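By letter and in written order, the chains are A, B and C; residue numbering begins at 1 in each of them.
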């Protein structure tokens, strides 16, 4: 079975210019999102996951810009270079929301408190569909119903503060899915929610992916989520994708020391109380005072002199790539 | 919603009682016979002492303090505000005569400062960091720093005396009393009175708008692919509005206070001007009554602000 | 289609970004610089300018006897309403008094009234607010109700009411300002204390067995000082404006004492306003400049003490 590619990112660099400094938030990132598949981007906070998402949506803050690289959306009307579009222009806006939709980390703050949930769904429909007033209302109710919200006819007129956290995130997903986007970007959608709610939200996303063929880019810091949901995974560290590949390959045969450290730092059910959980030593470097070469070098147990040079992206196998000088040694001895 | 209004009204009542009580205490303690401000001064002067004593009895002045207070407050509620010492006019008549002028001036200034302040503050926030923003910030700073009456003096000198565009002061000319006839007289006092409040509203609207624009739901709104004006106005400004309205309610006393001085500068025949001359001539009954009604005005204004916030903010409206 | 070289149109910001990026590249690996201060430079510069103006006006008023060659009170019938000259820098008023001297000496009284009332009301407000905010109880209830009563009056009406009752004098004015001004700072101090009270270090201090007064004034108060300082500067500005307004009405400091407001009082006369600009313009400008400088200081303090207001 062949999968269409929905979005390609090539050599993307996004820099921030706050406080009269330049922060290389993303420094050369490449990946693709496949139709009907889930790509997980995993990494610690501050590694550039959310900036990647914001770059794709062209929702970057004012004091930042895409320096170089390509973001290509493979839409129904042929490919579109997103990075070349004007941030607030009509073309970008017609993609944003309709073709690529996004849900955010904290459903408590991501919804406007002074408008009803229904209004916030209908707003999206108003801009991207030709539906009339009545039809928009019915569609909003349908969407809420399909997100598993009870009594949608009544709840559609409720304000966000009357919704629980999990329900708000469902409503958020309803907004995002209202125009059947080809790509759904989910930026840590469950971090702010209870664990039981988490599972429900993920299940909902899985269903949407299966039923609508939506491509999902899921941003998370949780390796457990990756193992469960991802088809592909990309591990980010300080603005680089240090390792990427199909989830099975990367989880079974991680070759970057950072990926290995991440996997070692999560407890595994069934290994008992005495299992060794290794924390990663040190801290992420100051983004304004980065190491010259490999960004992970200072915290890496396997550091060699050569690590002062930035390692290139190297293919381990056809679909598995890594940025590390010594990956071959780790690849051979496995896990 | 109705219970909310009822609840707010109930919390106001003890406040009004305490303040009216203090005002009455002030009336009793200030110099002058209590009878003197309850009957016209002319009648008071020509009355023989026995008759006066009788009157004291009948007015309940021999009674304990609380009974006297009760008699006084019942009178006030029924519209009997007592008599001004100067000229012996019933205070209620003075109010009826002067209140329209003060209300006209205050509403005009309130309208100007609310609209102008919110618009300028929003522009300032949307162009944050630009020359426009910095210029508006400095102008706003000047607005809250220069005394209002000084503005008024300069305005009179420039627009009334040198350019002769607008009248120096006053409210009406004899024979011309429609609103449009008065308008030229209203322009300068209203603008000058609104300056300080406009600057305050602008500074506050700017920070409130910046705060709203930094919220997550703005990013959500952008992610829907809506045009920027809709994001800014419908999502940003709408949310920034609540605190701005609250601020305007809080600042209303400042506006009332400002009108006291501005009415003096422009010879505007309102309550404020009357109040100043009452303070000058130590006309205590009038001073106390104006103070009592200014408190009522402030309390009612705060009630209206609460209701307005309840209307525009669903979290308050639906009772959280 | 993809291969065609598409570039986003460059904006005004791009050039600025390029420079920043190049500088960053050239200093990579070198020691960090305090670039953060650059961003706050503008607001700090205003506060600095404000402080300099504030200091100059205060010092000039303080050393008025050395700077002014004329007595501010003694009339000179041979020099009535003269325009500015070498002899009289700001001219003379309708009784021939030197306006420059009057502005300097007037500054002493006006600043004393403004700063003195602000400090006194802060003192009262903070003492009550800190204690009642931390301890609560009946004292808190009473103080809260009393401040509510004071604050439901428009301030100038209450001030004028008290002037009518107490009479006009310099001391009375300071007392009246303090009476009407303590409520705001009391409420602010109380609110700060209520939020600080929940912090863990306070719980810890309580578990050490420290007395409430010691915890409140010694350990919690310093953490509330920032907003208190801001409040003091802002109420100084407000009191100076109020004194000027009251004196302009002739109801503030008795007219025999020169204050900024009393000097301006002369401008109520339309002829003075039209013909003798030097009588009212310099002093009006001085008040405005002084209040502006105090407001700049207040804003600077706010930015410096409140991290959430940055930018």
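Side notes on the structure shown:
The working rule: a contact is a pair of C-beta atoms (placed from the backbone, for glycine too) under 8 Å apart; a residue touches a chain by one contact, two chains touch by 3 or more.
Everything numeric in this text was worked out from a predicted model, so none of it was measured.
Of the two chain pairs examined here, A-B and B-C, the one linked by more C-beta pairs in contact is B-C. Once CA atoms are averaged chain by chain and compared with the all-protein CA average, the nearest chain turns out to be C.
Relative to subunit C, the most remote chain by averaged C-alpha coordinates is A.
As a whole-number value, the distance joining the C-alpha centres of subunit A and subunit C reads 50 Å. For this pair, subunit A with subunit B, the centres built from the Cα atoms lie 54 Å apart.
With centres set at the average Cα position, the gap from subunit B to subunit C is 24 Å.
Put simply, subunit B touches subunit C in their complex at residues 15, 18-19, 22, 26, 29-30, 128, 134, 141-142, 144-150, 153-154, 156-157, 161, 168, 207, 210, 253-254, 256-258, 260-261, 264-265, 275-276, 278-280, 282, 284, 287-288, 290-291, 294-295, 298-299. Considering their complex, residues 57, 59, 88, 92-98, 101-102, 104, 106, 109-116, 120, 123-124, 127-128, 159, 161-162, 172, 175 of subunit A touch subunit B. Note for the complex: subunit C touches subunit A at residues 1-2, 6-9, 13-14, 16-17, 20-21, 23-24, 28-29, 32, 35-36, 38-39. Touching subunit B in their complex are the following residues of subunit C: 42, 145, 148-149, 152-158, 160-161, 163-165, 237, 241, 244-245, 248-251, 264, 267-268, 270, 273-274, 277, 280, 284, 287-288, 291-292, 295-296, 299, 309, 311. Interface residues of subunit A, counted against subunit C in their complex, comprise 15, 17, 19-22, 62-63, 65-67, 70, 72, 78-79, 81, 83-86, 286, 288-290, 292.
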